[in-house]
Structures are given as C-alpha cells and as structure tokens.
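Here come two complexes built around chain A, the first alongside chain B, the second alongside chain C.
Right after this comes the complex of A and B.
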C-alpha cells in the first residue's frame, strides 16, 4: 500500500468499537473488584491505543522508521521507569534510607503493638 | 515521506517521552503510596468518561475530514474540522468546570502529591488540546479555501495522539482508586 494513497477503514465502526471499550472500562470499575478494574481499565486503554494508531494514524502505512521511532520512545519510557522505580518505591537501598518512611513504619509498628496489648 | 508528516511524527515521538515520563512517575508513586487512593476517590469517573466520549467523537470527525481532504473536498473537510474544534472546546470547558468544583472543594495543586500529579498531567494534556483546537481552526479556514489540504492529515495525527494520551490518563486518574 502506498504511503500517499491510504486505505480508509470504516471509521464509524472503529469509533463504535472504541465507545464499546470505554463502556467496558467503566463497567469494570463499577464491579468493585480491584484486579478486574485494573485489568479492564488498562487493558482497554492499550487496545484503544492500538486501534487508533493502526487504523487512524496509519502507523503501519508510514515509513518503517516511524514505528521504530515510536517503539524507541516507549522503550526509553520503560527504561526510565525501571531505573527510577526502585528509588521511588523502596524505603531503603544499599547506601540510602528514607527517614520519613522509616519513622512512619516505626509509628505503624508501635500502634500495632499498642492495639494488641 | 513529506516533510510535514515527518515533522508531525517527530513531534509525536518527542511527546511520547514527555507524557511517558509524567505517566511513569505517576504510576511508580501511585504503587508506592496506597494512601493516594483516598485522594483519587475524589475524582469523578463520569466526568472523565464523558470527556473520553467527547474526544473519541471529535477524532471520528477528524478522520472524516482527512478522507474528505484526500477526495479534494475542502469545504466538507473544513466542516468536519469545525466539528472537531467543537469537541475539543467541549472537552476543555468540561475540564474547566471539573477543576473549578475540585478547587472550590479544597483540592488544589498543593493539597497533596496526588493532586500535584493530577493537575500537572491533566493540565499538560489540556494545553495540548487547546493547542490542537487553535491549529484545527487555522487548518479549517485554509481547507474551506481549498488551500493546504494535506495539512488535514497532519493535524489528524496530532489529534489522535492527544486522544491516545487521554486513553491512559482516564484509567490512571479516574478509575484506579
């Protein structure tokens, strides 16, 4: 398929699918089970993004370096997450601690101890 | 590849890094702080869902505009672009009303880290919607005069990207509580 003469899919059908997926994500949240909510919400977001990128942005019809560039940006995002997440999410590391987190943990332990006795 | 299309894709790729950084930061902080769920419970899922529907529909119009532009019908493309402008404007107005109710309820950007992320991420996205609306209006006026019809596709790529970012902001800020 030429990049200059794009095939236009049935946009109304894609819109209906996207609206249906939106309904699924909202319904998933109303179920009230956390795992179901997260899977439906973020799973739906990924499917919606794929549908739009493929059918509306025509990423498949663009030059090959375009999807590679997009993939590189996404990998950079994952790299940032994997590099920064341990510092953000852990209370202590090899040569560092988070005093506020440790104080909060001690207070939590004390209140638990008091509640038991 | 035409220069304009290449430029828009470069903008999209650089924006992925910008929004990706904000979203990744939000996710790691959200996972580390269960207490955020108490703050997140104050966002209104129905307003977020309505705005998602508005963006989805505005993107349908920009797709129709692209098709009309490729067929050489500038007037039709312009009409669809104005409908997209209406969608983008509705999104921003709803967002403004939502923020007004949240700020008057005491949830400001300095209330907590959750609200700092909320206003930063949603605000950055809203700025992109506003920029998109302005560009859409310029291209709609040009298209009506049968000028620069290839630009309809370019603003479409940008608008779809703004829509995709919202697909992830909606569950993060409104559903995951």
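Right after this comes the complex of A and C.
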C-alpha cells in the first residue's frame, strides 16, 4: 500500500490544470465565433474528462482491461449517438414534425432547411 | 472463511456451530443461499405473471366475462395486466432465475471457488432485488392501479398522467425497474470478478464450463447497455413528476429518444437472458449424449460475435416509428447479420447430439425442446428484421408470437432444464422422472398450441394491445375468435400442468431418492462437492486438469473424465 501511495499523481497540479482549462472554455465562448466555441467547449471537455479519468479515477494505474472497458463505453456512446441522431436531432421527418423545434428555428433565424441538415 | 455459517445439512468440517434461521437463510452471504433466494423469488413472481396472463387471455377469448378468481377485467385493468405480465416475466423471472439464481449457485461451484469474491455485495444485490419486487407489487394497489403503458413504456403515454391515468403506478413502476437494474449491476460485478479471479488452479479460459462463460458475457452486456436506459428512466421519472419535457415534442423534447434509449438496452437485454439458457443447454446436452461439445471455441466466438452485434440492431423495433428510412436499411442489415452466429450456435448443438448415446432424461428433454422451440423464435425474427416486411408485421400478434417463441424457451424451458438438472446438487435428492416427463409434455404441447394460433392471427392483421376485438369488424371473424379461444384454452391446460412441477418439487424434497455427489456422471466441478454442498463448498478446493466436456474419450474405461481427476 505505502509504495503505491508514493506514486500518486500530484492532485493539486491536476486541479490547477482543470481550472485553467475551464477558463479557456469560458473565454472561448466569449469570442462569439461558432467554430471556436465548439472547439473550446467540446475539445476542452474531452481533455478535462481524460485528466480526471486518468489521474483522479486512477484508470492509468489499473489493470489493462479497465481502460479498454472505458474505451468500449465511449465507443458505445458514439454508436448510440450515430443511431439516434438521424431522427432525434431533426425538427421534422417522414410524417412527423416537432412544432417547438420549428418555432425555435424561426426565433433563432435558422432556416428550417439548414436545420434539417 | 470468516463467516461461521453452515449450509442446511452440513455437519462436516465446516460446521462451526449452529446459526439462527435468520442468518442462515435470510441474511446469508453464502452464494448458494443467495442463488436459491433469487430462484424462489423468481418462481413466486412467475406465479403472479402467469396469473396475469390467465386473466387477460380470458378477457380476449371471452370478452366481458367474469374471470374466475379475478372478476371482471376492465379496460384499465387489461392494460395494467398486460404491462406488468411482460415486465415481470422479463425483469423479475427471466433475469433472477437464469442470470442470478444459476449464476450465483453455479459460478463458484463450477470454477472451484468457496464463494463469490464479494459475498456481502452479493447479499446486497438480492436485497435490492427483493425491494424492487416489493415496490412493483405495491404499485398494483395504489390509487389508479398499476402502470398500463406497456412494458416498453413509450412516452407520451408513460410520461403524462392525463393519458395513462396511473400517475402513481407509472412512477412506482419506473422506480421498481430502476432498482432491479441496480441489483443486477451489483450481481454482475460479482459474476465477472469471480469467474476472472477465483478459478481453481489449472482452469484456463477454455476449461470454463459454457454456462459460466455465458453468464459472464451476459453480465458484461448488461453493464454496457443498461446505462442509457437508467438515465432514460430518470428522465422519464422527471417528465412524470417535476415537469421536465425530455420526451414531450410540444416543449422541445423527443418521444423517439426514449425508444432509442429503451431499445439500445432492450435488444442486448434479450441476449442477456438468452445466453445463460444456451449455456446450460450446452452443459446438459453434452452430459446426456456423452459427447464432447462439438466446437467449444466456435460456440464462444459466436457468443462474442452476438454480444458485439447485439449493440447494433436496436432500431429494428422502430421501423415504423418515423425513423430515417436510410437508417432502417442499416438496421435491417445488422439484424440479418446477427442471426448468423446464433444459427451457428444452434448447429453446433445439433452436431453435438449427432452420434451421441442419448438418454432422454427430463433435463435432456427440456434442453432439446429449447433448441427446437427457440429455432422457431429465431427464424421468425429474421422476417421481422426485414424492414419492408415489418411495416406489415409490426405490433401484430406475429411479433408477440415471435418473442414468446424466444422468451418462453429461454425463461421457462431453460429454467426447467436447469432446475431438473441441478436439483440433485441443490437439494441432495433426485426429482421424480415420471412426474418430470408428464410436466414436460404438459407444458411444451400446450405452449405450441397457444402461440401457433397467435402467429396465424398476427399474420391476419390482429394488432397487439387491444382490449376487445369485437369492436373491430375486420378482426372478429368467427375463425379468428375460435383461434383466440384455442390459445386461451391451451394456456389454461399449460398453467394447470405447472402444478405437477410444484408437486414434484416439494415431493422430491421430502421423499426423493438420495442423489449422491454425481448422479449424472458429469465432468464439471460442482459434481465433486457434496449434495448439497456445505458452506465453503469443499473442505479442500479442487484443481483442474482439463476441459469440461471430455465425455466418451476413446481408450478410457469410463465414459467421462472429471475436470479434477489427474488421470
């Protein structure tokens, strides 16, 4: 036990990195450019999740199959998204519409045609 | 061994003085006791589920009749009965009996361990499960009655009480299902860890009996698929109770999202219950045909392939839900692909039987019936998987007959196969063969007489979830009503024959012939322990020298070769 304890990551440093990244993601949104916002929001979130999983959840130190398991869960999440998104992310489809989405699209000045793609 | 419990009849080295009834049977951490607790709870829930089927089938065959023992089935009752019948049979019968009862009882015994890796978690798993069953049963009695929005709980029907009229029942139903998932997550951790870490010295991956592999793979699949639905259940609960609108299209939500969340879990789930059943069938047919499993590794590879593919087919339940037609093509292809490994597994089982010296004992009859009946269920799934055909078949009794031809072999036939095979180990007595065979034929013949008519009715356009067909002129031809009456009558016969099993069970417990350690001359490790095994299973843990299916090996005097015998 005591030996493992000597190898634990420097939590303070990781915490500082997480806070730094938080600043980046908030600042990114303030620039007001859509692409930048997306990158700073999702990109930074991915890095943060990786840092937490690796250091605070000790996945880096666990047996090999554990990271594989976690990776599998991520793959399943992507799979679910790719199967569900074609219907769930659309405001209208074959024989159905989502009125609330269409109103929102008008409000935010996104043409329906654009929202459909 | 920190605990000082003793198993029911053990007076051997492990007896450390008597424990009270409570700590021995109710709060036990012994994997065998937990397994039996799961089994008896599952049987009890099965009786409730069967009674519900009786009540709503009577209504369908004789609309408006006063059902003996139940009374008049109102439309609201009908919905609640059908919904809870399905929910109970899958989550409170198939899961506890096949995964948890056999998993708990058999895994430590078959891998040569004295108990599960986490015995207290194991006990917790059962307690959470019991709580979930109690919550579900309570939900029938609250104001408005039990949930009636179908076992798939599609919103908006499930989300909004002005539609389902069961505000309390539907929330309690969700809580019960959620608790049940938690119980099986805890249990699954145990199965996986025990099979990975507690195997007897010498037991390599390919020496593990099939049922252990299957339960482990099933537990992994359950873990990987249940997350989205658990999240979905929380979202639905909030839609019901605190006014969120995750699934309400008028307020920006999406009801189809629930269908995706449900079936992303729901389809893997059907394989979660299938795999343990196919595992125990493999173990039984090898014993009673005295032959090696035809292709051990092939079976394993088919299981892995099925496990992976089962995550890619879910939207075949949604072909007519308004999903993108291009996605329907994708899901048709994956659905047709997944039938390949499953078909291959069935071929391997049939090849195992070929040329064997077959004895038709009761467990063997059940195992063979599993293969025959499940094949019908699997093949009809292929029709449903073709999106074009499914536009016609969807939500008809054809679908209902399809999944009963899969679930019934799994949950009922599989259970009877397993219990008649391992009863001698669990209780130290043999079951009565004559009663067993009467029960077998009295179950399997009526089963087909129930569901073949329902295939025909489904193909004639009979929709599911209809309370009284006499309101639909197209569905009220005399021949259609006759078939409904035939199905219901066969159900009555089948239910009546279940009493033969209960009698046999109780009678064999008291009066059955003593079993000895290894009545079936089987190879696997559980048969080297006493019957029933004491707490701790063996006084000296076994060592393994070979795979589990060395039957009829040429050049040996005896036709079996236990895994623990050096030579």
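Going forward, the second predicted complex is superposed on the first by the 82 of 117 C-alpha atoms of A that agree within 3 Å, B and C clash if a C-alpha of one lies under 4 Å from a C-alpha of the other, contacts with A are read in each partner's own complex, and residues count from 1 in each chain.
Here is the rule we use: contacts are C-beta pairs under 8 Å (C-beta built on N, C-alpha and C of every residue); 3 or more make two chains touch, one makes a residue touch a chain.
From a predicted model like this one, the values you see are computed outputs, not experimental measurements.
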Touched partner set for A:104, first chain B, second chain C, both or neither: second
Partner chain in contact with A:73 - chain B first, chain C second, else both or neither: both
First, second, both or neither for A:60, with chain B first and chain C second: neither
Touched partner set for A:49, first chain B, second chain C, both or neither: first
Touched partner set for A:88, first chain B, second chain C, both or neither: both
Contacts of A:29 with chain B and chain C, given as first, second, both or neither: first
Chain A residues touched by each partner, larger count belonging to chain B or chain C: B
Which superposed partner A:96 touches (first chain B, second chain C, both, neither): second
Chain B/chain C common contact set on chain A: 72-73, 76, 80, 84, 88
Residues of chain C that touch chain A when the two form their complex: 224-225, 227-228, 249-252, 254, 256-257, 260, 264, 311-312, 314-315, 321-327, 331
Of all residues in chain A, those that touch chain B in their complex: 3, 6, 8, 11-12, 14-15, 18-19, 22, 25-26, 28-29, 37-38, 41-42, 44-45, 48-49, 52-53, 56-57, 62-63, 66, 69-70, 72-74, 76-78, 80-81, 84-85, 88-89
Interfacial residue positions of chain B with respect to chain A in the complex: 1, 5, 9-10, 12-14, 16-17, 20-21, 23-25, 27-29, 31-32, 45, 49, 52-53, 56-57, 59-60, 63-64, 66-67, 70, 156-157, 160-161, 163-164, 167-168, 170-171, 175-177
Complex contacts: residues of chain A adjacent to chain C: 72-73, 76, 79-80, 83-84, 86-88, 90, 93-96, 98-101, 104
